[in-house]
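Handing you a structure now.
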Amino acid sequence: MNNPLHFITLSNALTAVEALATVAFALSGLVLAARKQLDAVGVCVVAGLAAFGGGTLRDILLDRRPFFWVAHAGWLWALLVMCLGAMLFMRKHHVALTQRAMQWPDAIGLGLFTASGTQIALEAGSPAFVAVLMGMMTAVFGGVLRDIVCNEIPSAFHDHQPYAVCAFVGGWVLVGSHLMGWPQWLSLLLGAGVATALRALAMLLQLRLPSWQNSLH
Amino acid sequence: MNNPLHFITLSNALTAVEALATVAFALSGLVLAARKQLDAVGVCVVAGLAAFGGGTLRDILLDRRPFFWVAHAGWLWALLVMCLGAMLFMRKHHVALTQRAMQWPDAIGLGLFTASGTQIALEAGSPAFVAVLMGMMTAVFGGVLRDIVCNEIPSAFHDHQPYAVCAFVGGWVLVGSHLMGWPQWLSLLLGAGVATALRALAMLLQLRLPSWQNSLH
Amino acid sequence: MNNPLHFITLSNALTAVEALATVAFALSGLVLAARKQLDAVGVCVVAGLAAFGGGTLRDILLDRRPFFWVAHAGWLWALLVMCLGAMLFMRKHHVALTQRAMQWPDAIGLGLFTASGTQIALEAGSPAFVAVLMGMMTAVFGGVLRDIVCNEIPSAFHDHQPYAVCAFVGGWVLVGSHLMGWPQWLSLLLGAGVATALRALAMLLQLRLPSWQNSLH
């Protein structure tokens, strides 16, 4: 309280990180929609699904209302402007650039969405495993819905890159910290940090998930 | 009240229009199921999704019960009879005929479903943008679910024809009229009328949505 | 009460049958995920959808909580172990073996899930047709979600084998028995028995659903 400016700056920084992560998720939808040559409606819907689909599915399963995008409808305007802007100004080489530039905000989003989803499920009284699943779903199922609508097998289930697995581990770290009685801010930080760090490690070392032990076809 | 017959006739006419619009949506599912050579179960499910899927998804998001097809289970029998009848009697040239004949009832359905969906969301306390989205979803997402189940990219996201956009504009007209304090019947009429008129215009003039400014592949 | 041992044995037998049916459903997801060469995450999600997706969708539509897999989170561990074990130890010829061996537990699951789903919907106050649909959905839509995620037209809508139809008839038998005022255990037994028997008959006689009366393409 001695330094309100400092507090405001930290809070603003957090909001900016969250916004950046949400934009990264939305851009993953935009890039896929561009690849599939969807029209303006499809671009907006797919980008919106990628950004908000995971949290919305979690809230339906937990029977929570209002959804994030209902409580903060301003985000819908931002999404609309972003999508139409991209359709006007995005060039072919921008798509590749966007994908590369968004890898890191996406890894941060994976951690943030996992931690917030797991925490919300714990508060709703879910058992540990279910809370971890809800965190994973928050982080991963936006992309899953994006891919299903674009008629692809979801890359999270198919590309053998550790992604949902990082969320899974991060969720368990959060739950473990919660069970130890550690303060909530620490649990959230640990869960998000571990998920993001694992994802970053997986990208840097190009780790792959184990395959089926032998080809089945 | 002086002329109850007149009232009954108007009400009957409205019910008939609604029924026709629902049938048009169901037939769009039936036609796609026929193309994909689905079996009797698939035909009924896809026709049902096309007719009731949009409103059901809206009600799940708004946490409303009962669904239309639970409150009016008679519609399910009508759908079943229609689908089995079509499988028995529909010939190849009927499919093309059906598609052409259903374009106009479908445009009416677009308006009606948009207006009712937007109004329901407003009454549930949704912010303006969310109410418009819910109206659009009511009108469009039956077809989206139909296409996803049939393993196609939803035509509403892909065919560059103004469809969801007409619902979007009609929804905003309804919300605007609501904010002006105009009576509900007028808001509903304006919203539905604008959405249907725009759709009719788009069909007559063969308008297309703007594409990506340059090919990305 | 004179013979508690007998009661315990019967109850254990029922639990074992239910578990076997759930495993059969999960294995159908596992086999498809293997075919599609999904990674470990995809295998677990698709097996989980096949096992629990139908009941979860029914509960969302009926607005019931908690879901089966939230109330019995131990099943999630079992699923995880089963999926990882299969990825380690399953060989190509095991897949074909599994599919054949699971046909009969799957038919039992069809009956059990139909009966429990229909009963739950009746208790929630659904009209007869809706209750039957909910029972069918419980039994069939796990497989539908499994196929949609794997980017296939759902086999339940496409392969012309009587499957959902058996559930449909079984559901009506349960509802009919319920309307006759017969005891609940008898209604459940009749509904599950008829659905399973019809499915077994369809497999033994290799029955097929009627096709469209003429090719449409």
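Read from first to last, the chains carry the letters A, B and C; within each, the first residue is number 1.
In this section, a residue touches a chain if its C-beta (ideal position, glycine included) is under 8 Å from a C-beta of that chain, and two chains touch if they have at least 3 such contacts.
A quick note: this is a predicted structure, and the numbers were derived from the prediction, not measured.
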{"item": "Homomeric contact subunit B-subunit C: same or different residue positions, threshold half", "value": "different"}
{"item": "Cα-superposition angle relating the copies subunit C and subunit A, to nearest 5°", "value": "120"}
{"item": "Between subunit B and subunit C, centroid-to-centroid distance (C-alpha), Å", "value": "32"}
{"item": "Touching two or more other chains - residues of subunit C", "value": "60, 63, 148, 151"}
{"item": "Touch list for subunit B against partner subunit A, complex", "value": "60-61, 63, 126-130, 133, 144, 148, 151-154, 156-160, 163-165, 209-217"}
{"item": "Residues of subunit C that touch subunit A when the two form their complex", "value": "33-43, 45-46, 56, 60, 63, 65, 67, 69-70, 73, 76-77, 87-92, 95, 148-151"}
